[in-house]
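Shared between the two complexes below is chain A, which pairs with chain B and chain C, respectively.
Let's turn to the complex of A and B:
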């Protein structure tokens, strides 16, 4: 993001990117940001690694550096602890914005391997995590069915209708 | 004759200036002040920007002039209870609370306070110092008359004591004093009730009240002031030692749109008073390490940007553009850690300080909505009084004949020079409006 220097507005900056994020569900917070930096100094991830800086990520969005944001990996550093959401003086819900950016990134085919595995699991079994043997015993104890394939058809119908399948079959 | 009398509500610098302007033009002025003395916030300040003059040295002569002016009737320890009528003819009921001291007899000698056995925190010193139950809030109080705070008085609470009465040579202490209702007939009214400080307990991660060495800027003013609770010594509340490293955090409760705070506005003076206070600390102790954490440095107005530049270059004060989210305290040393974003490397770091000053927002007086209702005037969505036309009638309220000046009009105003300008403007508007009413 070196090109984002004052006076040297990079040619690939897209002025509408901020609004693209804002108009994605959960992304409205970017419009409120005044770049005060409170999210960054409150963020437990930013305190452990210099790579991640939520304020700077929002700055990159505001500057319109669409490619850097959507093809990068930074929004996934967010732990969703929502400390920033609690503290942002503008009510900017920056932890929420991270979801919007991740979703836009997924549309561009930028989905990490681990997520693809989980997503495939979801499509095939109706679950992100397959229940363990212990869990099945517990289910039985509570009088729940041991047959965990119930509802897969419906789940798949929803996942197809919402173009989830398309999304996970795309790759960077 | 009533067209020549006016009511001023609030005896801060704005109310005092408006009173003097009108009194000097021959108006009969009734100045109603809620607390025992006029003076307002300016009386609590140490030095004032932009000139760095001693605040009290500028204010005290004006207070005394108000107290002695043949055309000013001071009604301190009083509140406006009812307002009826319209421009040219307002009927006002004022409640004069009992001070339990006869104003006409008290000489202000102070022997009563000296002898009174009960000490309570002094509001004027932001509760950092103590006062007696029979007291004058500060040395230069006008009127120079003692007041008994009934809630803490042994006689009122336990039925025994009367020590002050025994020692008062003037026979001024009067435990039987009753509330007095005064009816006034005035042609016009000025509201000048000023502001309250935002309570930073509303932002728990800053630890105000939990950590002793996290204080507000108003508390710092009292600690720096020569007539303050420490005689002008800057000390850490936790151990009474001089702090070597001090942080200022800007915009505490200002520009904060979170639902439970709801102050989207910039208070407009905190950047200026923070830089002033930082320079004052440096003048106390040139080795002090000072960092101001800010979002935007709003040093507008004549000479202020230059002042900020000097604070950096000459006084070596650090300015860091980062808005801290929390303060943590070392339970043993009581030192305070702040995390921030380094402006050069853009990485997150932490620094540890002896004292942290929260530059809290200026908010409307607690009772501003109630007073607005009594007067029939409107407030804005923050509860500051509203002008019907911000551009061409900035000191008018929504009721003809009622004007406002000073910080009670909200943050568009700000500092003392602005408050004085507005006070003179409001006084001039009254002269104009009442001349018109008289003509008709």
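Let's turn to the complex of A and C:
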């Protein structure tokens, strides 16, 4: 990984990283944040653990701490429950910004193992959760169709076109 | 009424009771479910966390299949609902984005046109069937049964996808009440179950679920009613894990709303359906019998 690119440079890098997030799909809201902390007050994870605080995470983005944000685990703590989307007084969509940050982290090769498994499942079988053989036997026994129709070929064509495969084969 | 039935991944693999109940009750309300063929994963939040274009294109491909069928989509899973509804809304509103996604879809000869709607099973019951009709179909109302409703996040959030209103929770509450039960308010009712945290930090995931279960326990519910397969897993299986790791025992049975409605409509659960629940249903089924 390019250390110079990932590292934080005060002043200059500051605005750069904030705009990098803002220019990533779903990341626009970072520009609207006034650091009021309403997202944190609404967040079911923030009330459970001190490790995670969405306001502070956005603050680290605004401060330009690219490496800390993208190589860390914290953006994964967002449950995407979207409570903060409904409550942000700025319409800043912090829960959406987390998707932008996670997308950037994925480009740096920072993806949790569990998500890699789901992504591989998706590419190979067309779904993230695949039925076990037992489940298929049960389906037949209980009068449900055993054949759950899946368009793997077309899904794979799409995922090749969007470079999804290259993305999930990256590692930190 | 006819709908393109998007069953998703988790339900046909692990929650057959939900699927079979929906397949049994919906035709009785005159709702025909036409299985969508050749669909792929809806692209839930884990996939959305990887790549924006892959998410939109996969979800849009499913929507194209429904457009070809000329039918609105009916989903059972809150995650499928969120993914498909958000994609449908974004692509209908944003021409530039639609063109980009269509250029990806062109590789599989599909084009998103924006002709259909995406609905949750609860939306269809509430809007198309109506609470009155559901009430009339109930043969054995369970008076005296106290249930805690777990609506799940994406039935109503974010609000802007639902025209700024939170009809979903009200709709679900009314539908649940149509079976004669009392829908009890409890602390953290609208909060997330913690499921999406699985695999990231399991201890926090269990704590989030625990807060919800504490609220339910304090409200003194006989059972929990869910509509989302992930909430179901987190609250049913999660109780066993909380018992193992945190040594707290709740023993609150969890049923899918579709199962509750099916029983109330005079179609008891079969043995295998009862056994598929991790927290035994015996206690609540007994109460249902007494209510008759």
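Things worth noting here:
Everything below uses one rule, namely that the second predicted complex is superposed on the first by the 139 of 172 C-alpha atoms of A that agree within 3 Å, B and C clash if a C-alpha of one lies under 4 Å from a C-alpha of the other, contacts with A are read in each partner's own complex, and residues count from 1 in each chain.
Keep this in mind: contacts are C-beta pairs under 8 Å (C-beta built on N, C-alpha and C of every residue); 3 or more make two chains touch, one makes a residue touch a chain.
These numbers come from a predicted model, not from an experiment.
Of the two partner chains placed around the shared chain by superposition, chain C is the only one that A:148 touches, whereas chain B remains out of contact. In the superposition on chain A, A:83 makes contact with both chain B and chain C. When the two structures are aligned on the shared chain, A:55 is found in touch with chain B, with no touch to chain C.
In the superposed model, A:118 makes contact with chain C only, not with chain B. A count of residues in chain A touched by chain B and by chain C gives the higher number to C. When the two structures are aligned on the shared chain, A:103 is found in touch with chain C, with no touch to chain B. In the superposition on chain A, no contact is made by A:31 with either chain B or chain C. Applying the stated contact rule after C-alpha superposition, one finds that A:138 touches chain C and leaves chain B untouched.
Contacts of A:22 after superposition: neither chain B nor chain C is touched. Comparing which residues of chain A touch chain B with which touch chain C, the overlap comprises 47, 83.
Contact residues of chain A toward chain B in the complex are 32, 34-43, 46-47, 50, 53, 55-56, 83, 87-91. Chain contact summary for the complex, chain A toward chain C: residues 24-26, 44-45, 47-49, 51-52, 73, 76-77, 79-83, 85-86, 93, 95, 99, 102-103, 106, 111-115, 118-119, 122, 126-132, 135, 138-139, 142-145, 148-152, 154-155, 157-159, 161-164, 167-168. The residues of chain C lying in touch with chain A in their complex are 7, 9-10, 12-14, 16, 19-20, 23, 35-41, 43-54, 57-58, 61, 65, 104-105, 107-108, 110, 153-154, 157-160, 188, 190-192, 194-201, 204, 207-208, 211, 270, 272.
Every residue of chain B that touches chain A in the complex is listed here, in rising order: 205, 251, 255-259, 295, 321-326, 339-341, 345-348.
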